[in-house]
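Next come two complexes, and both contain chain A; in the first it sits with chain B, in the second with chain C.
What follows is the complex of A and B.
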C-alpha cells in the first residue's frame, strides 16, 4: 500500500519532471558541453573540434565582451537607482488615498505590457536626430542648442537606451512595491500617529524597514532583467554606434549568428549565467545583512 | 481514494496525447511527401508571386508546392540551422550567410550537387543563367573550403547594390538631375551644398553594418584592385597598408563634407528606405530590391541609380552583385528529383519573366523576356561591374569583418582615426590567423 502510494506520488510529479528535464536540464547540459567545442552549428556535432577551456580563456581577453558587460552594468545601475526610485515613489503615492488611484495603477502598468520592439521603435522615432519629437520640443521651448542625435552620439546613446529601459520597466517594480505596501498593517501607522509621529517618521520607521524584503526582490529582478536586456537595444540602436550599446546577450547572438561560433557563444552564455548568479547571491547576502542591522 | 486513482489515470494523458499527435503528424508527413515539395524562404515581398507559381506548377504537373515563409531573415537563418542539426530540412531551401556557411552545409551533406543536372542537354540549364549569378553558387576546383568543385544552387534572381539619387532634390540643389556625381570629389562637393541647405545626404542601413562592408569593399576594389583585396583577406597584405587607410579615410571625408545623413551609424535599411522614398534624403546606398520597396512606399518617387563615384582612376569601380537569392535542394530529401525538376521550371524563362514583373527584381535567367523598368535597367547595367565576396575564393574572418565595420562607424562618429581603426583591424586579423595555425 505504501509502495503504491509512493509510486502514485511519483506519477504526479512525473510530467513536470519530464518537461523540466527536456526543456531546461538537457539544454543546459548541452550548452555546457558545447562550450568546450569549436562548432559552427551546421556540421554534425560529432565533427566538432574539442578545444578544452580555450573558449573560456578567450572570453577573459575579449575586450568587446567586457565592454558589453560594462554597458549592461551601466544600464543596470541606472535602472536600480532611477527606475526603482520612480517605481517606489509612484507605488507609495498610489497606496495613499488619492483621487483616481486605480486609473494611475493601470496607466503605470501600460509600458511593461507593451511589446519591446514597438517601444524601441517608437522611442527611436522620438529620439531621432533629424525628425525626432524630442529635438522638436527642445527647439519649441527655446532649447534648440540641446538638440542632438541622441542615439548616434556616443556620449548620449547608452544613457538614452537606459532611460527608455527604465520607462519600459518601472511598471513591474511599481506593481511589486504596491503589493508590498498594501501588506503593511494600517494599525501600525495609526499607532504611530497616536504616538505623535509625523509622516516622514512613519515612513522611515515603518514603511522602509517593512519594505526591505520587497526592495531586495525588486532589486534582484531589476539586475537580472536589465543585464539580459536586448530586444529594446536591437530595436533602438542595433548595438551601435560602434560598440557603445553592445550588451552581453547581443554579443552571444553575434558569436552565434554573425560568426557561426556556437561553442564560443555557449561559453559566453555560461560565463554570463555564472556572473548573474554571483551578483544575485552577493545582493541577497548584502540585503540579508542590511535587514539584520 | 477513488479520486486519486482517477487523477493518476488522467496524468497519463499528457504523456500519451503528445505521442498520439506526434505519430499522427509523422504519418501525415509521409503521405504528403509523395505528392508535394516544400520550399522554405524568407522573401516576404515575393511570397504572393511564389504562391501563384506554385498554383501554376500544380496545375501543370499535379505536384503541390508548399512555399513556407519564415521572416525576418535572422529568424529564417536560425530555423535553417536548427533544421540542419535535426536533419529535417525541407526539399528546397535557401542559405543566408557567407560562403563559409554554404560550404559547411555542403560538407555536412545537406545540399545536392546540381552540376549533373545543369550539364544535361549541352548545359542548357546552366547556360540560361547570367554567369555572375551562377558563380555565387559554384565552387571551383581547389577552393579553400574543401568542397568538391561543382554547382550547388540555382539563382532565382540577381541584384546589384548601387548609389541612388533623388532627382527632385537634385533640382532643388541646383544640380543637373541627369548627371549624378561621377567622381568622389564631385560627391564631396555636393555634400558641402547639402550642408549649406541643411539637407540630409546619404542614407543607408549602416546600422546593420554589412552594408558598410559592401560600400568599403567597392572602394577597396577601386583603389587597390581585386588582387590586393583578396591578398589582404588571405593575410598577405595588412590592413595598415596605405591603400586600406585611404579607404577608411573616405568615410571621414564624407562625414566632414556633409555627405552622410545624421544618424547613419545606427540607421537600419528600412528607415533609410523610408527617408529616401519620402524625399528626405538626397542619396541612398541600396540594392536593386529597393525598386519594389520604393514603388510600394512612394510610387511617384523620381530617382536614378548610379555606380558609387570613383575615388581613383587606377582600377574600375566594383559593386556587390550577382545572385540575389538562390535555392538549394536537400540532398537527403526523398523528393530530390522532383525538387530539381521544380527548380528547373522555376528558373525557366516564363517563370522568371513573371517573377521579375511581379516583384520588380532582376531575373537570373538571361533569356527572360520580361519588360523591366528604366530604373531596373540601370541596376542591371551595374552587373558589368558586379562582384561578390562569395566568388573571391577566400572569406574574411567574421571577427575581422565586425572590427572593420564597427571601426568605420567609430570613424564616422569622430571617435577614432582611420589609422587607429586600421591598426585595430590588423591586430584582430593577426589574432585570428594565429588561431588558425
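What follows is the complex of A and C.
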C-alpha cells in the first residue's frame, strides 16, 4: 500500500524528470565527453578520435576565439555602464508621484518583449549604409559627413551592435530597479527629511545602500545575458565584417555548423561556461564586500 | 526670501525635465516600430527614394503578398502551433511536477528538485551541440515533435519553480477536504490545485508563450525544411533570399511582432509580476 502510494507520487514528477534527463542532463554530460574528441558529427561516434586536452590547448591559441571574447566583453562593458545607468535613472524618475507612470512602464518594456530577430532586422534597415534612415537624417541636418555604412564599417559596427543591444535590454534593468526602489519604506525618506537631510543626502544614505543587492543582481544578469547574446548579431551583421562582431556563441556555432568540429565546439562551450560562472561568482563576492561597507 | 511659490516653480520645472527625459526615451522605444510599419506600407521603388515618415501611398497589398508569396502565412501558423503545443505541455508537466515536489512524499524529492533549480543557475553555452547530435540520433531533427520537446524542456525549470513556490504557500485545508471526500491525488491536482493557481499559471503561460514565439536558436538547429519553420527562423531565410525586398521583409516583421505586442499590452500585469518575482527571488 505504502509502496503503491510512493510509486504514484513518482508519476507526478516522472514526465518532467524524463524530459529533463533526455534534453538537459544528457546533453550536459555529453558536452564534457565530446570535448575530448575530434569528431565531425557525421561518422559514428565510436569512430571519433580521442584527442585528450588538444581541443582545449587549441582554444588557448585560437586568435579569432579570443577576439570574439574581447568583442563580447566590449559589448558587456557598454551595457553595464550605459544600459544600466539609463535603467536606473528611468526607474528613479518613475519611482515618484508622476503622471503617466504606467504608460512609461509599459513602453519601456516593449523592446525586451520583441524578438532579437525582429529588433536586429529593423535596426539593420535603419542603419543601412545606402538607404538607411539614420544616414538620410544626418544628410538632412547637414551632418552628411558623419554618414557611413554603420554595420559594415569595422570602426563602428561593434558599437552599433552594442547600442542596439542596450536599446533592447534596458527595460529589464528598469523593471528590476523599479521593483527594488519600491521596496524601500517611504518612512525612511520621511524620517530623513524631518532630520533635515536634503534630497542628495537621502539618496546617498538611503537609496544607494538599499539598492546595492539589486544593482549587483542587475549587473550579474547583464553580464550573463550580454556575454551570451548572439541572435541579435546574427540578424544585424552575421558576425562580420571580417570577424569584427564575432562573439563566443557564434564561434561555437561556426565550429559546429561551419567546420563540423563538434568536439572543438564543445570544448569552446565548456571554457566559456567556466568563465561565465567565475565572473558571476566574483560579482556576488564583490556584493558581499560592498554590503559590509 | 524664498517663498512657497519659489518651491512650487522649482518642483514644476524638475517635473517637466523628468517628463522630457522619460518621453524622449519612450519615443526612442516606439520609433523603430513605427518605422517598421511605415516601411512595410511603401512600394519597392518608393522605399529607396522616399524617407518620409508616413508613406505617400499606402500599399496594404504588401501584407497579402508577404502572407502568400513570402510564405509568412504558413510560418505564422507554424509559430502558433508550436507556441500552443509547447505552452500546453509546459503547463501540464510542470504543474504536475511542482505539485509533486510541494505536496507529495517520495525518496529523492529534494535531490530532484535541486537538480531542476541548478539548471536555472548554470549557464551551458553550446549545449545545442550535443542536443543536435541527440535529436539526430533519435530521428527527431527536422520534426515538429523534436522542436516541441526541446522547447518544453527549456521552460520547465522556471515554471516548476514559480508553481512550487505558489503551492507551498497554498492552504492545505481545501485539499484535505477533497481527500476526505474521496478525491484521488490526480483529482486534487486537477480540481483543487490548478484552479487555485490561476494567477501564477497566467505568468507561466505568458512568459513561456513569449519565449517560444521569439525563439530562434533551436529552430535554426532543428529545422532544414522551410515548411516546418516558425516565423523567427523564416524571417532570416527570407532575408537571405530577398536581400533588398525591404517592404515585404518589414511586413513579415510586423506580422511577427504585432501578436507579441498585443499579448504584452493585454497581459503586461503578469509580465511585470513575472520579471520582478523571478529576479528578486534569485
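Things to note:
We adopt the following convention: the second predicted complex is superposed on the first by the 271 of 293 C-alpha atoms of A that agree within 3 Å, B and C clash if a C-alpha of one lies under 4 Å from a C-alpha of the other, contacts with A are read in each partner's own complex, and residues count from 1 in each chain.
Everything that follows uses one rule, which is that contacts are C-beta pairs under 8 Å (C-beta built on N, C-alpha and C of every residue); 3 or more make two chains touch, one makes a residue touch a chain.
The structure presented is a predicted model; accordingly, all values stated were derived computationally and were not measured.
Partners chain B and chain C clash in the overlay (superposition on chain A). In the superposition on chain A, A:41 contacts both chain B and chain C. By the touch criterion stated above, A:126 is placed in contact with chain C alone, chain B being left untouched.
In the superposition on chain A, A:259 contacts chain B only, with no contact to chain C. Of the two partner chains placed by superposition, chain B and chain C are both touched by A:15. Contact with chain C, but none with chain B, is seen for A:110 once the two complexes are overlaid on the shared chain. In the superposed model, A:151 makes contact with chain B only, not with chain C.
Touching more residues of chain A than its counterpart among chain B and chain C is C. Of the two partner chains placed by the overlay, only chain C lies in contact with A:277; chain B stays clear of it. By the touch criterion stated above, A:237 is placed in contact with chain B alone, chain C being left untouched. Steric collision with chain B, judged by C-alpha atoms after aligning on chain A, is confined to one stretch of chain C among 8-16, 152-160 or 224-232, namely 224-232.
In the superposition on chain A, the residues of chain A contacted by chain B and by chain C overlap at 8, 12, 15, 41, 45, 130-131.
By the touch criterion stated above, chain C contacts chain A in their complex at residues 15, 18-19, 21-22, 25-26, 28-30, 32-33, 35-36, 39, 47-48, 51, 92-94, 96-97, 99-101, 104-107, 112, 115-116, 119, 122-134, 149-150, 152-153, 156-157, 160, 185, 189, 210, 213-214, 216-217, 232, 235-236, 239, 246, 249-250, 253, 256-257, 260-261, 264-265, 268, 271-272, 275-276, 279-280, 282. Of all residues in chain A, only 8, 11-12, 14-15, 18, 40-45, 47, 128-131, 149, 151-154, 157, 236-238, 240-243, 254, 257-261 touch chain B in the complex they form. Across the complex, chain C is touched by residues 6, 8-10, 12-13, 15-17, 19-20, 22-28, 30-31, 34, 41, 45, 86, 89-90, 93-94, 98-100, 103-111, 113-119, 121-123, 125-126, 130-131, 133, 136-137, 167, 171-172, 175-176, 179-180, 214, 217, 221, 224, 228, 231, 234-235, 248-249, 252-253, 256, 262, 265-266, 268-270, 272-273, 276-277 of chain A.
Against chain A, the residues of chain B that register as touching in their complex are 4, 7-8, 11, 14-15, 74, 77-78, 81, 84-85, 97, 100-101, 104-105, 107-108, 110, 200, 207-209, 261-266, 268, 275, 280, 398-399, 402, 406-407, 409-410, 412-413, 415.
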